[in-house]
Amino acid sequence: MKPRNVSKKYMAKVHPRIPEYFDMMNDGRLTRREFMRFATLLGMSAGVASVAAACGGAEAPAATDEVMDEGSMDEGGAKAGGTLLIGMETSAILDHPARLSWIQGANIVRQVAEYLAEPGADNIVRPWLLESWEANEDVNEWTLNIRQGIKFNNGDELTADDVLFNFDQWLDDEVGSSVKGLLNYLEGGMNDLERVDDYTIKMHLSAGNIGVPVHLTHYPAAIMHRDFQGDFVASPVGTGPFTMTEYNPDQAVVMTRRDDYWGGPAGPDSGFPYLDGIRYINMDKDAALNALSAGEIHTFYQPRPTDWEAMKDNADINVVATSTAQTLILRHRVDIEPFNDLRLIKALRLCQDRQQILNLAWFGEGDQGVDAHIAPVHPAYDEREIPAQDIEGAKALLEEWAAETGNSLPLAVTLVTKNDEGEQQYAEVLQQAANEAGFDMSLDITEASGYWERWDEVPLGITSWTHRPLGTMVLELAYIADNEGNPVAWNETRWVDEEFSDTLVAAASTLDVDARRVHMGKLMDIFWERGPIGVAFFKSAWRLARHEVKNITAHPTQYDLMYNVWLDDAA
Amino acid sequence: MTTETRSKAPTVWSNIANYLKLVSESRIATIGLAMVLFWIIVGLTSFVWTPQDPNASLGIPNRGIQDGFMLGTDRIGRDNLSRTMAGTQVILMKTRIPELSVGAYLLGIAGISAIVLGLVALPWASDKRTRQKGFIGLIIAAVLIPIANIIANSTGLNDIIIPKFAIPVGVAIWGVAGSLTLGSTLGLIAGYRGGTWDQVIMQILDALIAFPRIVLYLVVITALGQGDLVMIFAIAVTGAPGVARLARSQALEIKSRDYIRAAETRGESIWYIMFREILPNAIGPLLVDAMLRVGYAVFTIGTLGFLGRGLPPPEPDWGNMINLARPSFGQAPLSVLVPAFAIVTLVVGLNLFADGLNEEITRYQK
Amino acid sequence: MGRFLFRSVISIIVTMVLVSILLFVMLDPRDGAVLVKILGIEATPEQQESLANQLALDTPIMTRYLDWVIGNDWRAERLIGSDVVLLEDPRTGDSSWWIDEGNERYIQYEVNTDGLMVPLVRQPAGEYIKEAPVDLWETDAEGNKFFWGLDAKGRGALWDDSGATEFISTQTGWQELAGAPVDYIPIRKGVLRGDAGISWRTSRSISNAVYLRAGNTFKLAGLAFVVVMPLALLFGIIAGINEGKFLDRFISIVGLIGTSTPEFVSGLVFILLFALTWSLFPSQSADLIGTGLKPKHYVLPVLTLTAVELGYVIRMTRASMVDVMKAPYIRTAIIKGMPYRRVVLRHALRNALMAPITIIMLHINYLVGGIVVVEAIFAYPGLGDYIFKSAVFGDIYALAAAAMVTVIVAVLTRLFGDLAYTLLNPRIRFS
C-alpha cells in the first residue's frame, strides 16, 4: 500500500501545481509541513504527500508517525474496549447539525456523523468520506469523489444523493447554516453542483478558491442521511464510528461502538473505533477539572489556561499542546477622536512587553505576535522579528502627537475589555507601561456579556478572536469594506486601507505559495506601518487527558477526533 | 428600662445609644464587635495603603508565602492580602455609581422618591382621618416614575452623561438599610393597623419571602444586570419581608401598652405613634436583626461572586476571588482560604455581635 | 381546623398569583438585552424585531403573562380554525404541536417558494412526510391573503403574501428568509397545566427538564434533611440544656462557624480533601444515570449542605430549649423534685420542639437556596443548577418556571409547618 517514492509525474497527475511546490520544498522555500498542507488541499492524499515530503524535503526525513493516515499510523499496542468519559457542557441547542454554533454540540454529532474531509489536529485537511478531490488548474472546478461502500448506521449506503442533500441543506436559507457563508462561491446555489454519477459530484465555482476542502471540514458540515428532517436527536443517522444510544443533555450523552463501521480511510481492518463507547458527561470546567484530577473522567472539553496550569505537573495527566490562531486583539476605532491618529495605537503597541503579556495572560503558552492578525500557524505566514518593548519610542510618538495637536499629556484613555480569556491581564500589563509612556489609562473591565454588548462600539478595547484555519479568512471578516465602501459588519476598528484590501484579494486567490507569502508579508507590513491593532500573542490550546488515554490529540478548534483513540489501563 | 422611661417616649437615637451601652457588658458582643471593627479598619486602611497594588499582577502566579506577598499570590500574580483587604471596600465602605445619564438619575431619584412617598403616604392612607391625604400621596408616588420617564425621554437628558463615582458606605450596609426602611414601615403599619391592611401587606410580603433567597437574587440580577445598585436593591427586597415580620410582631406587642393608648387618646397622628412611640421601643430587636442581615448580605454577595453573578470588577470581590482561584486550589490554597477567612470572620463577627446584644437585651427585659 | 386549612389554601393561591406576577414583571425582557443574548452581538434591530416576533415578545405583557400561565393553544385554535394537539416525539421524548385533522392525521405546514402550503404529515414514529402543495390562502375583509397554521417547529404562524422576511441567526451572519410567517404564536399549555414552553437555552421542553431536575434536587435535599435534622436537634437540645456552660458555647460556636462558612468554601475544601487527596468519594455527581443511585455520589454534596445548615437548626432548637427550660412549669417541676431527666424528656422536649418545627419547615426554603451553590460546585443535575444556568443565559421562562417550583415547595412546607404547629399546640388550635 505505502508507496516508497512519489514521482513528479504522479504529483502532476493529482494537480499540476504540486510538482512546483515539491521543488520549492527542495529549495527550502517551503517547509515540509507547508508542502503537505498545500499538496493535500489540492487533492493529494496525506499519506502520499508525507512520503513525498519525506523523500524530498529539505528538512531531515520526517517520521510518518507525525501524520496519521491510511496505514501509516503506528498502531503498536492499540487496545480495543473501554468507555471514554469526557466532561463537556452538553446542554445547549442541538437540532440541525448544519445550524450548530457551538463546538461541543458538533463534538457529539461528530461521533455519529462524519465529514467529507477531516480537519487534522495538525491543521492538515485529509479526505474522509471522500476518496479524493481534484481541482482544475484555475481551482474553480472541483471534483469530489465519494468513497464507495460506506454504510450509514441505518444500513443505507452513502451516495452522491446524500452529499447533495446536505449541500442543499447548507445552502437553504430556511436551515440557516453558517456553511452557506463559506460556500459563497456557489452563486448559483444547487445549480452549481453537478451529479456526475452515484459517487462523483462536480462543484462549479464562480471564482477560484483554494479553501474548498477546508470549508468541508467546517463543524456544521456533518453529512446527514438524505431523509434527515432537522432534528439530530430524533434521528441520529450517520456514517460515524459510534451511534448515539442515550441523549440526556442534562446529565450525559452516550455513544456506543458500531460493529459495522466502515473503518475510516484505512478500511474495516483498521479496527476503528477502538473504544466501546464514549460518554459525554455534562459538567462545567471547574467540576471537570476536579473530576479529571480525581480520575472520574478521562479528559474534558477545552481546558482553560488555569486548568493547564493546575494539571501540567500532574503525573497522571498527559498534556498535549497545539498552536492556534486564537488571539486577543488590542484595537481602537479609527473614526473616533483621538484615535483617528494612528500614532496613538502605534505608541500603545510599542508599550507591549509581549513576553510578559503572554506570560500573565496565557501562562507563556503561545506564539508572540507582531501586531498583525495573522498567526504563525497559518499557511504562508511570513516570519517577522518580534518587536521589543520601547517605552521611550512610545513617549516620543505621544509627545510628537501632543505637540502637533495641541493636546496635553498625560492623555486620558479608557481601555474596555472583558475578563474571561486573559484580557484583564493583558490590559493591566499594558496599563502599567502605557502610563509610563504618557497615557493616563483607566480600565473598564466587565464580564464577557457586558463587553459583547458593545465590543464594536468602544473606542479602545481588547477583543478575543477565535481560530480560523486560513490566514485570509479573518482578514476578510474584520479589516475590509463591503461593496458600498462601508466597513464590514465585524470591522470593529472601521479601518479600511485600499492597498491592504487589494493585497488581501490577491493573497486569497493566489495559489503559488511563494507569491502568497509575499502578499501575506505585505499585509503584515501594512498592519505594522498603519494598522489599527496590536497583537501581542496567539494562544496555545491543550488536551488534558489521563495517561491511560492513548493517541489522543489536541485540536486547535477543539474537535474530538476519537475513532483512533484507545484506553490502556495498564499504562 | 422601666415603664416610666418608656412612657416618656424615648427617641430612636437615645434608644440606640442605650443598646450600644449594653455591648460593653457582653463578652460575646465585644468579641463580635472587635471582629467587625477589624474589617472596618482593614477596609479603611485599604483606601490609603495595601502592601501591593491589589489589581496589578506583580508577583509570580500561584505562589505561597513569599517576599512582599505575605499571603501568597493568585493565579495571575496579584497579592492575596492586598486583594482581600480591598475586598472589604465594596461590601462595607463604598458603593460605585456607574456612568449614567442625567435621565437615568432622574428616573432613579423619581423611583426612590416614589418609594419614600409611598412609605410616607401608606400609614396616612391607613388612618381614617388622613385617608384622603394618604391616597393622594400614593397616586403621586405612582405617577412619579412615568413622569420622570417622559421628561427624560423628551428633553435629551438621556444624552448628558455623568461619569462614575463612588459614595460612602458599602453595598451590604445600604442594602440592609433599605430593607430596614422598607420592612419596618410596612411591618409597623401591618402590626399597628391590623385588619385588612395587615392581611394585604403580609400577603404581599409572603410572596416575597416564599422565594429561596439566592433564587430571588438571581432573578433580580438576571432582570437588571450586575452592579452595585442592583445588589443593593436585591438585598433590600429580599430582606424587607423578614424585617417586616419582626417589626409587625413588635408593633403587635407594643400597641396594647398604656402609652400608646394615651397617645391615641391625645389624638396623635398615626405617624407620631408609629415612629415616635412604637419604633423607638422596637428598634433594639430590629437593629440586632439588621446586624444578622448584614452578615447574610456579605454571605450572599460572596456566593453570587463565586457564581460569577456578583459585584462587577475591577474592585476585588471575595467570592469572585475564590472562584478564580478554584482551579488551582490544590497548588495555591491561600488564594481560596484568605478571602474565605475574610467572609467567615466578618459573618461570624456580625453574628456574635448580634447574639451578644440579644442576650443582654433579653436579660434586661426579664 | 377546616377554616384554618381553607384560609391557608386561599393564602397560598394568592401568594402564587403574586409570585407569578412578580416574576413575570421583573423578568420581562423590556430592553432587548435578552434578544442580544440569544442573537449575539451582531444582530441588527430588524433581526431582533424578527426574533421578538417569533418569540411573541412584541405582544402586550398581559397577553404574554396569560399565555405563560394558562397557555394559548385555545387562542391558536381559534385562529387556525381546527384543534391543535401536543404530541410527543417518541424518538426524543420532546413534544411538538400538530393540527389534529381527525383520523390520526396530524399536520404542520411549510410555505414553499411558489407560495403554496406544503402539508407535513406526521408519522407514528415521529417524523413527517411532505404532501403535495395545496393552496389554502384565505382572504380578509380588505382583500389581503392570509393563512393561519402551524409551522414545522409547531408554532402557530400567520403567513401573508406581503413577502415578509424572517431572520435566522447563523454563526457567520444573518440569513434572510423570504416567504416567512408574519406573526407567531409560540403555543404552550401554560404553567398551570404543566407546560412552560420551550427553553431558549436548550430548545427542549422546560417542564420536562424541571420535572426531572426537581426530582434530583428533592433527593439531595431530602438526604441532607434526614442527616441534618436528628443531629441538629440533638446538639441543639444538649446546648439548650447546658445554657451558658462550656458545652453550649462550644456547640454554638462550631455551629456558627459552620453556618458562616459559605457552601462554596466548605465544598471546595471537601473536594480537595476527600476526592483529590484521599480519593474517598467522587468530586462531582454530574452523571447520575451513568453511576446510578450510588450513595457515594451524594456524600460530598450532602456533607457540604450539612456543614452550612446544621448550625442554623442547632441555633433554633437551642433558643427554643432555653426558653422552655426557663418556663415556670418546668421550674416548678424541678423544684417539686421531679427527676431532671424526666422533666427534660417528658415536658421540656415536647414544647421545645414546637418552635423549631415551623422554623425548620421554613428552613427548607433556605435549604433549596443553598442547593443552588452545591449543585453548581458538584455539577449535580438538579433544579438549582438549572436555575443558575437559566439565569446566566437569560432564559427567562425557564428561570421563572423553575423559580415557581421552588416557591411552591416553600409555600407548601410552610403550610405543613403551620399545620404541624397547630396540631401540636392545643392553644393555637382553638383560637
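Per-chain numbering from 1; labels A, B and C assigned in written order.
The rule we apply is simple: a contact is a pair of C-beta atoms (placed from the backbone, for glycine too) under 8 Å apart; a residue touches a chain by one contact, two chains touch by 3 or more.
Just so we're clear, the structure is a prediction, and the values are computed from it rather than from any experiment.
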Between B-C and A-B, which chain pair is linked by more C-beta pairs in contact?
-> B-C
If you average the Cα atoms of each chain, whose average lands nearest the overall Cα average?
-> C
For chain A and chain C, let me know how many angstrom lie between their CA-based centres, rounded off.
-> 39
Where chain B and chain C are represented by their mean Cα positions, the distance between them in whole Å = 27
Chain centre separation in whole Å, for chain B relative to chain A (CA means) = 49
Can you tell me which residues of chain B touch two or more of the remaining chains?
-> 308, 326, 330
Hunt down the residues of chain A that sit against at least two other chains at once, touch-wise.
-> 286, 293
Each of the following residues of chain C touches two or more other chains, namely 33, 276, 376
If you look only at chain A, which of its residues touch chain C in the complex?
-> 87, 91-95, 99, 101, 173-178, 180-182, 220, 227, 229-231, 233-235, 246-252, 254, 279, 281-284, 286-288, 290-291, 293-296, 449, 452-453, 455-456, 489-490
In their shared complex, chain B is touched by residues of chain A numbered 285-286, 289, 293, 304, 306-307, 309-310, 360, 363, 419, 424-425, 428-429, 432, 443, 445-447, 450
Chain C residues touching chain B in their complex are 11, 14-15, 18-19, 22-23, 26-28, 33, 256-257, 259-265, 268, 272, 276, 365-366, 368-370, 372-373, 376, 387-388, 391-392, 394, 396, 399-400, 403, 406-407, 410-411, 414
Can you name the residues of chain C that touch chain A in the complex?
-> 33, 36-37, 40-42, 89, 91-92, 94, 126-128, 152, 168-173, 175-178, 201-204, 209, 212-213, 271, 275-276, 279, 282-284, 286-290, 376-379, 381, 386, 389
Touching chain C in the complex, chain B uses residues 203-204, 206-208, 210-215, 218-223, 225, 295, 299, 302-303, 306-309, 319, 322-323, 326, 329-330, 333, 336, 340, 343-344, 347-348, 351-352
